[in-house]
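Presented sequentially are two complexes of subunit A, the first with subunit B as partner and the second with subunit C.
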Partner chain A sequence: MAKSIPAVSLPGSGRLLDGTRGLLAIVLLAVFLYAVIPLVFSGRAYWFNVMTNAALLSFASLGVWITFAIGRVNIGQGAFALLGGYTSAILSTTYGLSFWLCLPISALAAGLAGFLIGWPLLRLRGIYFAMVTLSLTEAVRLLFLNTLGASGGGILNIPRPAGLSTPLAFYLFAATLLLAGYLAVWRLANSRIGWVFRSMRENEELTMSIGIDIARYRVLAFVLCSAMGGVAGACFAALQQNIYPATYTVSDSINFMLYCFLGGLDYALGPIVGAFGLIMAFELLRSIQEYQALLYGVLMIVVMLFLPNGLLSIGALLRRGAR
Partner chain B sequence: MSFLAIENLTKRFGGLTAVNDISFSVSQGEILSVIGPNGAGKSTLFKLIGSFLKPSSGRVLLDGAVVSGRQPHQVAQAGIVRTFQETTVFKEMTALQNVVVSHQLGLKATPFGAYFSTATARADARAAAESAAEILDYLGLGHVKGELARNLPHGHLRALGIAIALAAKPRVLLLDEPFAGMNPEETDRAVEMVEGIRKRGITVLLVEHDMRAVMRISDRIVVVSFGSKIAEGLPAEIRANPAVIEAYLGQDDETIGSY
Partner chain C sequence: MEQVIINGAILSANYALIALGLTLIFGIMNVLNFAHGQMFMIGGLVVYWVCAVYGMPYGVGLAAAAVSVGVIGMAMEKGLFQRVMGSAGREENSMLLAVGTAFLLENAALYLFGEKQRGIPPMVQGVYRIGNAFLPANRLVVFVVSLLLIAAVLSFVYYTRTGRAMRALAQDRTATTLMGVEVGRISMFGFGLGAALAATAGALLISVSGVNAGIGTAISTKAFIMIMIGGAGVIGGALLGAIVLGFAEAIGYALFPGSVTYLIIFVALIAFLLVRPQGIMGKPWG
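And now, the complex of A and B:
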């Protein structure tokens, strides 16, 4: 009897925060972000920067997870991170706008771009959509490389956001952003909208046939994804205090997608687990320099081979084993 | 004015005319079947009525309003809902979830309201859950509602496909070969099911191969062959129609049979 479906997941059944398991994930994530990381890395600025970066990459990846939810493989998140990053960088350096104003504007700009690009592109499915989004990252990189000319497209000396002068402060801001993003996406996935997304992922024609305007829902998913990419890009530019066309490349776009896979596509927590897992593994493997990439690759293959549904599926596997 | 009118519907694919100038009308509460040999254009006609294809010419009207050429979801909103052949359901959801998630029309809360789980949205969800349970019981799926759809046997999947369509509260239900691949007992049950759907006040238009079931269930029958309508009438008239017998020549006599 429906072993893999938890009883709470009746479409749009309950209250705002239904399901003990969902609540548990939120509490665990909060403890990890606010207690475990600050305690473990206390006083180590380098690691705080790594963790801030991990939180921001998780946030962008969480957006990609939304497009996975409608059944599209999106390898274009780097493009929107770049867009958001440049929007914020230009507004804060040229026009002297506060970061706290630049941030929502970046989200809007990236979301708008997502709307304009997504409306026609989302008709494509499968490998075609994936390929087009992949080229999008490269196209946006070239756009900034060529239009911003002389300086090689880079923008330097982006001011630090007011109030975030220490690595710890910036980290706590990124952690809060991530937690809020997770809450929002988790709620989305469990609301009626999330169930429509799920139906679309399973069968778009059947979903149309019951009266759903799938084009609208597709664009909604893509706009949310793009806006989250824009926010992550703006924060990263502020963290690094600079941005270049190569700040987000095709390989970053691929990574955003990989984090989702690695953590598990069935869980909104998946991209976060995937991103933190991979980034920490990468950092820890730094000590063995020349073998870093090799071991990293082997690690990926092993996980994909034995946990094809992602790291988080280990819980479901254990539960099934115990039965 | 007829309830559902198909007027001079034509669909060309390149040089091939799959549906050629077909007209007929369906009254409210009727069960009308479209039959024809393989490749006669039944499926194309079906997709045209459900607006999954756009006609080359001609139109479809429901209650006097043109529905052809619109998007499939708009046609569903207007009250024409189709089923799919075989096992088109949401396989990774339970039977109950399949039907609950298909209750997307006539909701009171906006998607925004649903996101924040307002009182209206919770009322919607309760109503959908109740209605879904009722539909599943009605179609004899009550005992498997917690089962994942991909684990359900064939016959149940067909019924689940119909349950999904019923969740969209159709005025006209288009059934695509509801009896295909069924043994006589299964067909009997499916025939009862279709009768039951009519009792719920839903007009049924079905496209079918199985003459036996069609003769039993239909109020009227439309016969198509090579894209054109060759006959229309009561089952008894169709059985005696020379053009129909002609079209089915080469098939087993038994397919037409003496029902």
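And now, the complex of A and C:
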């Protein structure tokens, strides 16, 4: 069985089987999240909030990465983040539920919505799927804007989660969430399901022809993605202590997708590298105020021109150069 | 009722320019141009700059918008898309590039023109009355110019050598290359034409509703809706999609408050795509 696998021509097939490299990535990520960031930014509340935000965005992008694994460009993650955020916000303000109960409920709600919407929508492919999920983001935003009318659809004064009163505590929680998410996604990508996903990306008809129920697998991928979006949304609402229909817009959905691209679609670590890289670059460029946004755009294009397969492909590029 | 029909027709004609440009680029390059709305926006702002700041006549502004954004489009195709699509491992990577250029154009516009809503005074004064409806002369000009441009683009694509090469390229890239068509040059020209169309639409609409630097994503979303309805990469489909969206918007705004219209449009769109995933005229997985 193992012998037949490398025959699949995938750029990352050899590396994905390489357990030590995967473990190394996990250790490096843990060191970065638990040691480097807390030490570098110790005592700076603002930066901890930025990093918490980066961790939550990475978590949502990890979900999008799962849908990339089945070969779908998903620009709908903002919809599910908004859904999770509102679920948690309504439960904690109107019904006084603890954040720690709201969080799994948000995941379930977003996952269920992902199931109901994804089952029919996943029949679409290519740019049609990309465009329809983009429309979904806008539809959900307008839904909240029009149904929760009175205050422009916003919910304020969401209580802070019990036990996470300082920025550092919230950051550590988000970092743990991200690490757990990465472990789960990495494990998934290297399991049988991961290989089924990859074969679906290569050719859905062929996958179907060997007796795999592709409709079930693709909905599984989408539900996992949506649930992760819901969790990220719920945490973000609790961090900001408010949520508005404009908290997640089409631009945010595009960003979630962008982080995956930027890090590299062939790597589960891609969305995390992409999100932290872009967010830190954006913050560092803040010192040159007026050019900030302009340089940010230039930076993105430069990366794309020289590393079209993502930041993490630099390793493969160097290895090829050395050979 | 007459008013709704007039509004719908004017919107449709303008939207058709946007959708036509997007579908041209998609058909030829197989790239979903996320920067399309930003090109629309820059087209509008160039007109503002030429007409309101430098006081030149409107026709000059319109031409300047089409030419400058057309050149930007060609440069993007030549300098970015052709390079990246040659070396990228997955086809989706070109999408990141499109998003990146959208960011860049939006930020460049913010830097150059600021974030204010910009408009120019109507080119012609006066209002016509048709039955119970009012038709400002300015909107009539926008409508007529849009129709003329659509006719010009269609006859170009269907009756010239370059146009035929573009259609061939959309149908089968390899075969077209084998027939001795200069694929690189035609792609670049097609991208430029698509960009110029978006810019023209923006240049026309700035005299009606104004344009600001942040409008791009909303316009791109509308363009995506239109080509989803009609079918991506099909010229007839883009026109059909524009008519459907233009009238849906005009009818919706007459019946419902503000953003409910688009909520209904999105829900209807999703339901429609479940029945017909490739749009009205599209090829399956075109």
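Points to keep in mind about this one:
Rule of thumb we're sticking to: the second predicted complex is superposed on the first by the 305 of 323 C-alpha atoms of A that agree within 3 Å, B and C clash if a C-alpha of one lies under 4 Å from a C-alpha of the other, contacts with A are read in each partner's own complex, and residues count from 1 in each chain.
Following the convention adopted for this analysis, contacts are C-beta pairs under 8 Å (C-beta built on N, C-alpha and C of every residue); 3 or more make two chains touch, one makes a residue touch a chain.
Every value quoted in this text rests on a predicted model; they were computed, and no experiment measured them.
By the touch criterion stated above, A:Ala130 is placed in contact with subunit C alone, subunit B being left untouched.
Once chain A of one complex is fitted onto chain A of the other, the partner contacts of A:Asn309 are limited to subunit C, with no touch recorded for subunit B. Looking at the superposed arrangement, the partner reaching more residues of subunit A, out of subunit B and subunit C, is C. After overlaying the two complexes on the shared chain, residue contacts for A:Ser191 are found with subunit B alone; subunit C is out of touch.
Residue overlap on subunit A between the subunit B contacts of one complex and the subunit C contacts of the other covers 11.
Contacts from subunit C toward subunit A in the complex involve residues 26, 32, 34, 80, 83-84, 87-90, 92-93, 95-97, 99-101, 103-108, 110-111, 217, 221, 224-225, 227-228, 232, 259-260, 262-263, 266-267, 269-270, 273-274, 277-279, 285. Residue ranges of subunit A in contact with subunit B, taken from their complex: 1-2, 4-5, 9-16, 187-188, 191-193, 195-196, 198-199, 202-203, 205-206, 208-214.
Of all residues in subunit A, only 11, 68, 73, 120-121, 123-128, 130-132, 134-136, 138-139, 142-143, 145-146, 249-251, 254, 257-258, 261-262, 265-266, 290-291, 293-294, 296-298, 300-301, 304-305, 308-309, 313 touch subunit C in the complex they form. Within the complex, the subunit B residues that touch subunit A are 50, 52, 71-73, 76-77, 81-84, 88-94, 96-97, 100-102, 104-105, 107, 109, 111, 114-117, 121-122, 124-125, 128-129, 146-148, 164-165, 167-168.
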